[in-house]
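Quick one: the structure is below, and I'll ask about it shortly.
All chains are identified by letter, namely A, B, C and D, in their written order; residue positions are counted from 1 within each chain.
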Amino acid sequence: MDRVVATCDEAVADIPNGASIMIGGFGPPGIPVNLVQALRRRRLRDLVLIYCGGGTEQDGIGGLIADGAVRKLITSYPTHPGASAVRERYLRGEIELEVLPQGTFVERIRAAGAGLGGFYTPTGVGTELAEGKEVRIINGRAYLFELPLRADYALIKAYRADRWGNLTYRRTMRNFNPIMATAANIVIAEVDELVPVGGLSPEEIETPCIFVDRVVVVPREEIRRVALESR
Amino acid sequence: MDRVVATCDEAVADIPNGASIMIGGFGPPGIPVNLVQALRRRRLRDLVLIYCGGGTEQDGIGGLIADGAVRKLITSYPTHPGASAVRERYLRGEIELEVLPQGTFVERIRAAGAGLGGFYTPTGVGTELAEGKEVRIINGRAYLFELPLRADYALIKAYRADRWGNLTYRRTMRNFNPIMATAANIVIAEVDELVPVGGLSPEEIETPCIFVDRVVVVPREEIRRVALESR
Amino acid sequence: MPLTREGIAYRIARDLPDGSFVNLGVGIPTLVARFVPPDRTILIHSENGILGAGPKAAPGEEDPDLVNANGDYVTLMPGASLFDHALSFTIIRGGHLTHAVLGALQVSRRGDLANWRIPGPRVPGVGGAMDIAVGAQQVWVATTHTTDQGEPKIVEECTYPLTAARCVRRIYTDLAVLRVEGEQLVLEELAPGVTVEEVLERTGTRLTVPDVVPIMEVPAEFAGIPLLAS
Amino acid sequence: MPLTREGIAYRIARDLPDGSFVNLGVGIPTLVARFVPPDRTILIHSENGILGAGPKAAPGEEDPDLVNANGDYVTLMPGASLFDHALSFTIIRGGHLTHAVLGALQVSRRGDLANWRIPGPRVPGVGGAMDIAVGAQQVWVATTHTTDQGEPKIVEECTYPLTAARCVRRIYTDLAVLRVEGEQLVLEELAPGVTVEEVLERTGTRLTVPDVVPIMEVPAEFAGIPLLAS
């Protein structure tokens, strides 16, 4: 049971055109930058990205969008100043956007990972993001019905891994990563360090190996450089 | 912001008759045995307990039930051999039981803690536990609608705490405790050890202090004794 | 000769591929862990928050904070992880377990499972059974072919309360291995020395019997444990 | 004299009790952290998984793995905890934050809040705003009383897209503190030297004005930072 693959390019080699792909991170911590760059080198088309932000040139997600690889972006906050690619393509009608409240975004992903059929949230009731959504009054309060959100692939970022794919995170690197790890058919993790199986304490493992299909190790120095550049 | 109270008796002193009370643990790890014993000393009536098992004399929950303090038990598996008090009272019609699949039990509690109005689960469809529950077909699969489950109080068990109420757990002590901590008006934690604020690493804190109202320290020796006795 | 309970567990363990993530119910299923071939990495999941549960702790070495869902004081294998019940049932209900091996009171021809409740004046208690039956990628049943009273446990329709409908893929008994295939229950293997007729006679529903039914590869004993009933 | 942006933040910080758990939006709300009285323990929550966020990291000491929801490289205070987005929004939507301080494009008399979108050909992006507005126990707005063009931001009905209906309890502006009370918007305090008439004139809806309206206790400056506009 060895989940380690040698390179980012190898890790994303089987992703087809039209795939739905979750990407973790709340930027920059937790963005699997090197996997995204490898994905970009694939020159795919018609991708559906599930990513909380809008992407920048530095993190590669903006580059994917600028390349025209992305048909649709399911997101929460694609509005930050660096998100020029999505802004331009959206205003030209070249990319579809589905914008969700951030709590709804993560909860829909969790619902998929947890095998639930959907849930009711009070968030968004009475707003334009409620359009087309079922409203239900439960115990006197109005809620919106939300469906689970799955993907074909998830590209996630973690701190340490063992060869089985057990993962830990540091600082604010977790964000969407542990949740996305539960909700995709193939989960690919980019990590800073590899440790022997048994080298992580059972309590500190945040993503158990059952959720992880592939692990790529990208040494820390490289990560730090990219993180600092993208500010 | 000091959440530490001196004794278990003080920690449960304000619980009134008729209160709904969650109790963590999947026995014995994670049962706040000393809080339960203190609760038992209160000689309350008409309590609604939300606890995954049936309780034994040793863990005190069986004792509470034997005392006649419990009007209703919301549970998943009250059937283990040690659960004689609930068995006797149930067969005599002296206690109401609401039995839930274990995943539904914890997910209903989580939904309450997370501010959701309810969710759909595939578990239990077509069984007698589906009686009276709404069935909905979502993407071709049948699901049951389940409501959130809150309580007035939660009695939980953790390993280490600081004075703010940040908590860690060890081994299988987590079980329902971190989830119940999110879903009650007053959350009372029994812990083995107190450490200074800042003495727990931010990554290892499993229950952030925002969820915890009171902390009682019961030294380890005592816990171990009770745990071993209850086998 | 029919299999012993350990024989059933042995036979099941042979079918768990390397890299399986498995939940084992109480009874015969629990025994499966003992017979996992040493060249395979198989992680045992326990509902109360373990992935990678190891054998029971040696007497005197129990950790009072570490039990499995069965209430046994267990150990952890290297690479194990621990988590709360919400994540544990995300694993279960979300379809992440590759296999679950469960006991049964009854299984129907279509794979309906009844294993949580005997009707009557008893305290009902379901635990994780319904979630596991609904959620695991493959649900296998480990059971004796008939009850102690000789009643078939494999039936046309379950009369006991259901755990989940159409969830079982395979049934491993002391007499045979059976595969649920849509509306058909197919006889896949026979225990050594057991005939098709004997199986049919002790089964409460019709079986699909191929022209050739292989005999299970189960030795008479393993590490001193009898696998075939004498 | 009206308050500066820092003055508004200072005034809000005085109202946060010891033991508060607070989410601060971008803009003026972010400034509130600077003015928390030193004898109070107040934990700042950040959507991306921090409880107990500290000040920005000193230049050169940034941890590339540690930002707040605003994208700033921050520090952690002792006692801080870190978690994933699911738990972070359990905190938010589950009603666990005692306070949220948010910016506004418009607030209505009844406490409807619009702060996420200016209509027109723009990319929409809501982030955590709707969850926070719906979930925090008390939602306070920190805003200038009018836009840069002098248009009232406190209005009878919001014309901008809503973030959440009837969620705001208090509004802190450069001119006044206002309290939403059912259908009424009550004038609670005035900035030093600001008159009731000035506030009414710059407000786009009717206010309930008590006989006596106290003057805010805000000094001209604090630690060298001007709190009142000159």
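Heads up, the rule we're going with is that contacts are C-beta pairs under 8 Å (C-beta built on N, C-alpha and C of every residue); 3 or more make two chains touch, one makes a residue touch a chain.
The chain list, named the UniProt way, goes like this: C, D = 3-oxoacid CoA-transferase subunit B.
Note that this is a predicted model, so its numbers are computed, not measured.
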Co-neighbours of chain C and chain D resolve to A, B
Distance-wise, how many Å sit between the C-alpha centres of chain B and chain D, to the nearest whole number?
-> 36
So, what's the distance in Å between the C-alpha centres of chain D and chain A?
-> 30
Of all residues in chain A, the ones touching two or more other chains | 107, 110, 114-116, 121-122, 170-171, 202-203
By the touch definition above, chain C meets two or more other chains at residues 82-83, 86, 89, 92-93, 134-135
So the complete set of touching chain pairs is A-B, A-C, A-D, B-C, B-D
Which residues of chain A touch chain C in their complex?
-> 1, 110, 112-116, 162, 164, 166, 182-183, 197-198, 200, 202-203, 205, 208-211
Chain B-facing residues of chain C, complex | 46-50, 62-69, 71, 73, 82-86, 89, 92-93, 117, 121-131, 134-135, 161-165
Residue ranges of chain B in contact with chain C within the complex = 26-30, 54, 75-80, 83, 86-87, 90-91, 97, 99-104, 106-107, 110, 121-129, 159, 170-179, 206, 223-224, 227-228, 231
Of chain C, residues touching chain A in the complex = 18-19, 21, 41, 43, 45, 51-52, 76, 78-83, 86-87, 89-97, 134-135
Per the touch rule above, chain B residues touching chain A in the complex are 107, 111, 114-122, 136, 138-139, 141, 143, 147, 168-171, 202-204
